[in-house]
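Labels run A, B and C following the written order; every chain starts at residue 1.
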Amino acid sequence: MSKDDQILQEFTSKEYEHGWTVDLENDSAPPGLNEDIVRFISKKKEEPEWLLEWRLEAFRKWQDMEEPKWPNVSYPQINYQDIIYYSAPKQSAKPNSLDEVDPELRKTFEKLGISLEEQKRLTGVAVDAVIDSVSVATTFKEKLNELGIIFSSFSEAVKEHPELVRKYIGSVVPANDNYFAALNSAVFSDGSFCYIPKGVRCPMELSTYFRINAANTGQFERTLIVADEGSYVSYLEGCTAPMRDENQLHAAVVEIYAAKDAEVKYSTVQNWYPGDKDGKGGIYNFVTKRGICSGDNSKISWTQVETGSAITWKYPSCILKGDNSIGEFYSVAVTNNMQQADTGTKMIHIGKNTRSRIVSKGVSAGKSQNSYRGLVTVMKQAENARNFSQCDSLLMGDKCGAHTFPYIEVKNSSGLVEHEATTSKIGEDQIFYCNQRGIDTENAVALIVNGYAKEVLNQLPMEFAVEAQKLLALTLEGSVG
Amino acid sequence: MLKIENLEASIEGKKILKGINLEVKKGEVHAIMGPNGSGKSTLASVLAGREEYEVENGSVEYLGDDLLELSPEDRARAGVFLAFQYPVEIPGVSSTNFLKTAINEVRQYRGQEPLDAVSFLTHLKDKMKLVDIDQSLLSRPLNEGFSGGEKKRNEIFQMAVLEPRLSILDETDSGLDIDALKVVSNGVNQLKSSENATIVVTHYQRLLEYIVPDYVHVLYNGQIVKSGDKSLALELEEKGYDWIKGGSEVTA
Amino acid sequence: MDISTDMHSLKQEADIYLEKHGLPDRKDEEYKYTPLSKLIEKEFDSVVETVDSLASGKIEKIIPGWKANRLVFINGQYRDDLSVIVDESGLVIERLDNSDQISQKEIEQYLGQLAEPTSDPFVALNTSAMTSGTVSKVEKGSVIEHPVHLMFISDSSQGKAKSQYRNLFIVGENAQVNFVESFHTIGDEISLSNSVTEIVVSKNSVTNYYKLQIENDGEVHVGTSSIKQLDTCVFNAATITLGGKMIRNNLNITMESERCEANLNGLYLVTGKSHVDNHTAVDHKYPNCNSNELYKGVLDENATGVFNGKIYVRPQAQQTNAFQSNKNILLSDSATINTKPQLEIWADDVKCSHGCTTGQLDDEQIFYLRSRGISKEKARALVLYAFAMEVIDNIKIEGLREYLDERIAERLG
């Protein structure tokens, strides 16, 4: 065995850090999916009739749809009747303040390193934590209220701002958009809702932390962000899940609406449990994220650091409808062991002078498969559209794969679309250079990978960037010689 | 400090070093000269622990330890510094970040506390003056887009920051104009002390006008064929390497 | 050629595949942007394979002037009167349905093996028929002076025409040859041609393969060229499309040894309602191979261009260098380009990159030329001509280069 292989193997035995379960009493639905379950969920959430109808309509459409087969991933057939579609941690009454939150639950967050107290005090990040499917506590609410910003759990928003939810839900990702979006629309149990009023610049980062806890549950959260004219918000999303032998399904939907002159920055650090080194267990992360730059001069920017999940299937997209609107997608996707990722973006240029930029950095190690799949469309009416895409792949070891599937469709002659892709490996001479300066191989790899991904990491808010850097180093420890 | 005995090394089955003997004591400057392909850079690489080279015979003692037993990073942490002939580019990694990681690894190895941000930056500033390096170079990705001169200067700057015991300069003069050469040499001279030692590997005598060696060794065909003081370098410059080639064939 | 059992089972395999899959529609990822089946079903279902050509007077005019070993086919029929062989030694060219010098065994070793009937519905369709075409062989060590030129003409002056061609080309060790396939049309009706070409390239050989489409706007063409590089050798290809109603070219290269080199060039310069689709695939299976690809397109009026380039680098194919570039110019707001350069890499020590650009003519360049007194139209033509020539300049046959040069200059005005 060569030294490279040895290091590679040592690394593959690395354990998942967030892999523990907490004993929370769950209030769950029986496994399986039918109209009754949809009604059960809706009733649990005390939803209005129109939302139940919307869910049922989505469910009916879902039944006629087929699971997509085109992604470059393979997994055993999912039995949708084995999944528990609703699981809420039991609580005696609704907490009025953080102090009333279940101590077990609080401990969970502390283990995750996102103690709500601390978050509240030190970082000024407003957190909405979603465990399994239900939103647990939202910090900083009062402060946001003063500015007219609504940041709450989805179910709360349905109760308190039904007109806003009704207006925008499904407006960016229609209920029948795709198989997993339809499934989510039928059974979503909670998520976050955010509304930034006209001209308001949200003074703090808004954040949601998602965690799947109970066994056999699927998590189907839904996030809706509406940025009214001239507003600005930066939104963070973090994800973790405990280690389990079986695969768990996560099918989320994120919708962003940006009105005239509005700007939304959406950052994700995804660290769902990836399964063990033989590919056992792990989260199936099938997510639909889409934003519409509806008004002129609006901007939506997606940044994602994807290190977790057994399978990732997500394409955060921008519909650039308003003139002069801007879409951005910055991504680092790291796969190791048996992980599979098929991720990228879609930039749909409709308005005049629209701009988009795609920077995708893939890192494959172990026996993993990492695919970039992206679509850039310049519609006939999209005068002077500009796109630049850069897709780089870094391979570590010779048992993994890196794949690039860019689709470019241009129907307007004034459009300028450029795409560049490269594939490389970490050079032995780069590692030796670091060694010679006293840096060991593991740290050298972390340093080089962080350098490689810098353009993307720079897009993240400070607190997140540090976490993301650590995560990259952790995911890739020892993966190269 | 360093004692090399009968060192033989090969790459891809081809023998390059054929029995090197060399002793370097604290405070000394040794120059190793020789024509292209004589094994100069191989010697530097073997001392730094480049894995492509296989040591077939001999020993290298460094500060009482067996140097060949140490991993490349442990050699560096123990104070062996190689100024590369061709410093590699590492995209996206800034010089500052790189050096901070390196210096704290070295300190940890020596049982010292890591430097905090302020003392680290003060330390950097001090050393920057030595090689007249521009602040902006530090925030740029390591060696990426650096000119040849900038790369070499950056190597000496790193040497200053990491404060090694034994520095090996591998053809640091190649591709440098006279002004850059002066700056680099000046840096090396200022770092010289009674506690550390320097090995200068070079093809030309020119560098030795600025970094004055205590000893000059001529490497040819994998062996040190001649040793002497600095006058040997001048003699070599005058007579050319053919002089050595001819001579060694006679003695062989 | 007699139908042997091997051949029979190949055809059977094709029939079964066709029955099961039919022709591809938009849902088929490989034909997403080029929905041929509807068009073919609508236009050609009732057309008989062979329509006699009467247009002999017009044919002489389209035969190019450069000297070649030339075989001419019209609507699927071989025309001995128009064909000529100039190189007698080291080269054997025979008709697929009438071969005696090249053994049945040798043919069966390759035919249907490079382009497997189940790899693509149109290959299956072609395999199922397999009546018209050629088998050629370049002997070991032979350098063939003049190109081998296969001319395929669709004559629709008597009504819709439909034809299928199958060609096998075996290049021996250490041999060198230029191989040209050109497709032409006569008549104003719509026509269909479906061709499959298999090229076997042996050790130390150099093969240049050029496929030309000099067609009017009535031709629907589907063609697959499958190349196997058996051992260390060089294969160069250029695919030039200057017209056609709906054109689909598949070019598949498999490298079966270390140190193979392949250079792929393409130019599509079309206008009107032409639709041109180039799909290429280079499969790097062994270490130390190089591939280089440059496809350029100029699309005017309502024309549509499609480019899909796949590069596969298999796990053991270390030290692969694979580069791909696709550049497009859209001259009209009704023109469309869909491009999908695709890399699939399973080896780590490789240098692979692809790039693609889509844009318009560089205004700065045009302005510069105009400021030197050149008219706007002339300036545009000059810049486009230079854009196209990057591909044409790589063609190794002087006569062919001049022939294309003239046609492109004429097209650009």
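Here is the rule we use: contacts are C-beta pairs under 8 Å (C-beta built on N, C-alpha and C of every residue); 3 or more make two chains touch, one makes a residue touch a chain.
All figures in this text were calculated on a predicted structure; none of them were measured in a lab.
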Of all other chains, the one whose Cα centre sits farthest from chain C: B
Using CA atoms only, can you tell me which chain is the most central one in this structure? A
As a quick test, compute the distance in whole Å between the mean CA positions of chain A and chain C. 44
So the centre of each chain is just the mean of its C-alpha atoms; given that, what is the distance between chain B and chain C in Å? 57
On a C-alpha centroid basis, what's the spacing between chain A and chain B, in Å? 48
Quick one: which bits of chain B touch chain A in the complex? Just the residue numbers, please. 48-51, 71-73, 75-77, 81-82, 84, 87-88, 90-93, 97-99, 101-103, 105-106, 109, 141-142, 158, 162
Interfacial residue positions of chain A with respect to chain C in the complex: 70, 380, 393, 395-425
Of all residues in chain C, those that touch chain A in their complex: 29, 315-316, 318, 328, 330-360
For a test of understanding, state which residues of chain A touch chain B in their complex under the given definition. 3, 427-430, 432-441, 443, 447-448, 450-455
